[in-house]
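Read from first to last, the chains carry the letters A, B, C, D, E and F; within each, the first residue is number 1.
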């Protein structure tokens, strides 16, 4: 099966690091297609960055051969429900994947993330995913996302120290890494902490394999049905959904856009 | 004061109807500037339409002279938190405004909206705004948004019938109209139902006046702080935030974009 | 429009301070009628003080010319639902007003209040108003209400220190002042904290203007309907509601009491 | 031990019926002192009636020899926390008692109450008492409270029919009677329904005995501490709490009022 | 009436200490039958110990003359709902009893328990019993259960210190003792803390008396109905429920097991 | 990898049907070891049956070569946390697996289960797993578990009819099959309903593969740590955990029992 791992920020080196993590856990028959968004922010660290990232995400879902499942590789899970509308392949966010995985192996986990402002966003996700009772606390390190990328920084030490506080103060049974850029740190941290440390990229890839393996597709009954056909104007004209054809109410295989227009 | 009322869909006739409603309740010194999004969907009826509407919304906040407050005139409140990041003027969504207003005049209300798929989105808003105990039920009428616009349709009767069911079955003490396109119906319905019927456009305009009158601005401490300065790529390069200048950590008056680039 | 601002404690100097705050934000056409309760506690600092304050509150709503809206100017919002029963004019409590205002300008706020015992009462309000996710914490300063009134006290410094802790420890994006007696401190605190500081008296007056401006009245369908006509005995005989006249189920303009009796 | 059963409405025949129910379950050594409020409404059917009932309730707690525990015999539990402030004897409301009892014998119960407007109040209690998961539904019969008192009415049949709907539709495992006036119906209903039917008067008396038997008293640490000493004005001058004497912060045995004043 | 107090661990000295506590509060006509489980763990300090304790608990309910009510004397309330299925006598767990009692005398309490691992289990109970708003915090002392039994240990001091932290940090109005083995400490702690300290054994006995005195039995409508008749295999063959006899759907007096088989 | 699928009831034909379902979705390298409990109920339809099933479940986890993950194949997830204590291999219940899977492909699902009494148990699981917002409703069919096994029954039609009601009334976007015995029906129902129909056995097997593939193990920090070493008495003496050896606080690889004793 083909799983398309989409980095909704535009930093290709981060995509590559995630690809390595994903490939390390992928099952033998799984092809990981890693894509970097071509539009939007170099790093996603707020509501605005997130909202602006959806165009690039949608482009990656629409372009290229269809995948069997899509992974949104940013801990805010930007555009998750919009993405689920435009394909019937499963779409998984790394935040939800990591939290679900943590709930399977511990009765309580803490999230360790980057900036305080993203901490608040993560708390919203905790509530939306019904993880209030499992998530003991979301902790910010005040590390900018791109600093995680740079060699020779204090990032690893800062994160380890925060994880240790989560064990001591929150009595966390597991750690959820709150940024796609932390993917490479899971083993290092798990060695030192001796509790499960969960990277959402790996979790999302494995859960995507699981859903495809079960034959599950995104429900097209309700709010995740294909977008209704309607005109789109201006810069976004090319994003107008073609919608359901005919009266049989059977959705097309994939979300189709009106051809011949461009942004 | 100047309140900019932004219709995030591209249907100008809907904007005009909302402008009329807004002007009817605006205080003497309030100038209503109504704007129609220049990019995106003709009507917003799902997660995808909503996500795609944020570009047009941001354009309207960035363009023209600054307003004292902004109203997002779509019941899904698309892009609300992103919009709050890029300005320190208050930004109010019509769904949150309507629900807050209803909570002031009734211990329980029901929302009457358009399609089933938007009903589910409205339920998410109810939870996010802490209105679970006040909102008795969200009811769909299966009316498409744009049918509300067309003269001679059954829309008014269908909505009235659903409101009556809300009184009878939900014991609703007030009705929240779940679509910006229903603004013109509030008086008609209130006459027949004899309970408060709340149109979010009016509520948002009045609450915007109230916040400006109190001297309140959007908090710039935490997740609603101005977006961090960083490069944006591709189609969205022009949306890159310039961020805070200098070391004083004092945000610029308004969100500034890097000049000389274009979509 | 006329807004009656009712201080449910009997300390007239506090009423006067609140009147000044209210007038400073009231719109040009708004008349603020400030009234001090004639019965009950000099300050309201507990469940018992609150319960005892309702008689005086009801007296103020019943006496004098009807107002277009009423504000209950005590942070516990005592008698709020009872007051909403006896008039169809909007009635707003300053605690709910302040919390709703804070939710419009920040994703998280902290309340800074007086005594520990009132802190617990404020936590109950947070839950009743659905503000659990917005309210990060309620903080007590152990300042008695009337000490806020006295010149030359440490009150201002103590409150500022607690607000700073709310920023640092709770990561609050806004401060809600948890006592009507703190109204005069909002500007002073906002200057020093550089985040929104919300005084409920101002918020309630502006939201009352907003509701009246929208033409909204308290729902008379359900638990906020006028009290049923019935005899009242003893000291409270004069408080017996006259109820609905005739079969048309149309409530009288205002709650009427049986004449000729007295407490 | 002496348990004072206070009917906060002024209808003495209802008090007598409750006294009979209470005596039927009281333990051998328990003396039931039943008192009818001398001030306020003949029946309590709304927020206003409830708020007005607290004066009469407080009078009954203050008058006569102290009791070992107090029961507030109205399903809205009016004045419960205020009453707990002014005595250190346990105070129990019949609504909370009935719901706690139901939670001990069934995983789900429904409440059957009188008017729709009191139904909403009961829903607030369900939330305040943490019974959302146990309470399947609150059902109104639209019977006025005093009709329960009158011989030869349809009340019994109407209530039985509503209980049967609770079994069928809500799958209730137990019924909580939602009005003090229904006390006499429990046996009749239990015979026909074959599930536990709980009258709050009986439950409150037995739980009061239990708390006294355990030696438990109302906590005086926090919001239930004795009211602070302070002047009360006007009609309520006699209700001013005398507060703590001396510096030892040790509360007096009972709430004391300043002598020589009157309402 | 006869109340059977079942210690689901196998340490007889703990049972005896609980029996003494129970007898000290039991009403004159109450016979306390204390039983120690004959199978399972010497102390219950985890999910596994709890699950394994149910066999011994069921044996005690089935053996000997029927009681009028049963108390499960372990703070985790193991097997509570299973036990309620197999008898129609009330069954009360000491954790739920203690929390309900605390909610009657304080608006907030803290639980002080033994090991960190049992602290987490107690938090689950808090949620299941709807006590999230009443319970301020569950605190672990890291004392093993059986150390509470041993004379001359530091246990009493450690628990007192933790209770003092609960007063200071949690502003607890009452303390719930989170282990059956702490029963004897309630008076000692209450003397020093001057707030209610609640031992679940006493609370459960008194509430059991209360329910029996009200004539309440466990509901047999729904999930607490007698177990359906069906074969049980292997070691547990003797535990097969005989179920309802005949078509009248009237349950037998007590859960019956198929005779002639053994474990 | 080896996944042990444990049917905690004693009906081998049900195990075999589940094994077929599991093998149909298992990845190439996965070995499914299906085991039927040797002790306890032929079908699990209540709290008592569940509690009694844990012995047999524990026996299967302890016996035979260790597996890489365990699946508890009964929709009540009996003994889940106890099982997680005694092994560090992931343990997954089919109810939690099915609900997590449904949350990935739909914003709302309904559960269709067997008897009304198990419906209530499933509602408890929904709350414990944080699925209240995703689960629209749990629906009982009143089919006994073992009737699902019998050829030629109405079971399939009854379940299909209930699923159709879930679509129509609950607006469910997906169906969760609420009994292990329904595993074989998923394809049949999905064909007719055209929405995802999720069988927990398949979901649990795939999620178990995913967790093992990620290298995740059950946290041994907190309440899921290995059981403490202590004596067990009577019939359960052989179940006494051997606990941690030495002072290094490093758990043994697997839960060990004291040898030489028997039930």
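As a working rule, a contact is a pair of C-beta atoms (placed from the backbone, for glycine too) under 8 Å apart; a residue touches a chain by one contact, two chains touch by 3 or more.
Bear in mind the structure is a predicted one, so any value in this text is a computation, not a measurement.
Peer 1: Applying the touch definition from the top, give me the chains sitting in contact with each of subunit D and subunit F.
Peer 2: Per touch definition, common to subunit D and subunit F: B, E.
Peer 1: Cα superposition of subunit C onto subunit E: how big is the rotation, rounded to the nearest 5°?
Peer 2: Angle of rotation between the two copies: 120 degrees.
Peer 1: Measuring centre to centre, with centres taken as mean CA positions, what chain is farthest from subunit C?
Peer 2: Here the answer is chain F, farthest from subunit C.
Peer 1: How far is the middle of subunit E from the middle of subunit F, if each middle is the mean of its Cα atoms, in Å?
Peer 2: From the centre of subunit E to the centre of subunit F is 27 Å.
Peer 1: Could you tell me the distance, in whole angstrom, between the mean C-alpha positions of subunit A and subunit C?
Peer 2: It comes to 44 Å between the two C-alpha centres.
Peer 1: Where the CA atoms of subunit B average out and where those of subunit E average out, how many Å apart are those spots?
Peer 2: 52
Peer 1: Would you please write down the residue numbers of subunit D that are in contact with two or more other chains?
Peer 2: 81, 84, 107-108, 116, 120, 124, 127-128, 133, 171, 222-224
Peer 1: Dump the list of chain pairs that touch, please.
Peer 2: Taking the chains two at a time, the touching pairs are A-B, A-C, A-E, A-F, B-C, B-D, B-F, C-D, C-E, D-E, D-F, E-F.
Peer 1: Help me check something: in the complex, which residues belonging to subunit B touch subunit F?
Peer 2: 116, 119-120, 124, 127
Peer 1: Could you list, by residue number, the parts of subunit B that touch subunit D in their complex?
Peer 2: Interface residues on the subunit B side: 107-108, 133, 171.
Peer 1: State the interface residues of subunit C toward subunit D in the complex, per the touch definition above.
Peer 2: 10, 37-43, 45-52, 54-56, 58, 79, 81-82, 84-86, 116-118, 120-121, 124, 127-128, 144, 222-225, 227-228, 230-236, 239-241, 263
Peer 1: In the complex formed with subunit E, which residues of subunit D make contact?
Peer 2: 25, 27-29, 81, 84, 90, 92, 96, 100-101, 103-108, 128-134, 167, 171-174, 194-196, 198, 202-203, 206-207, 209-211, 213-224
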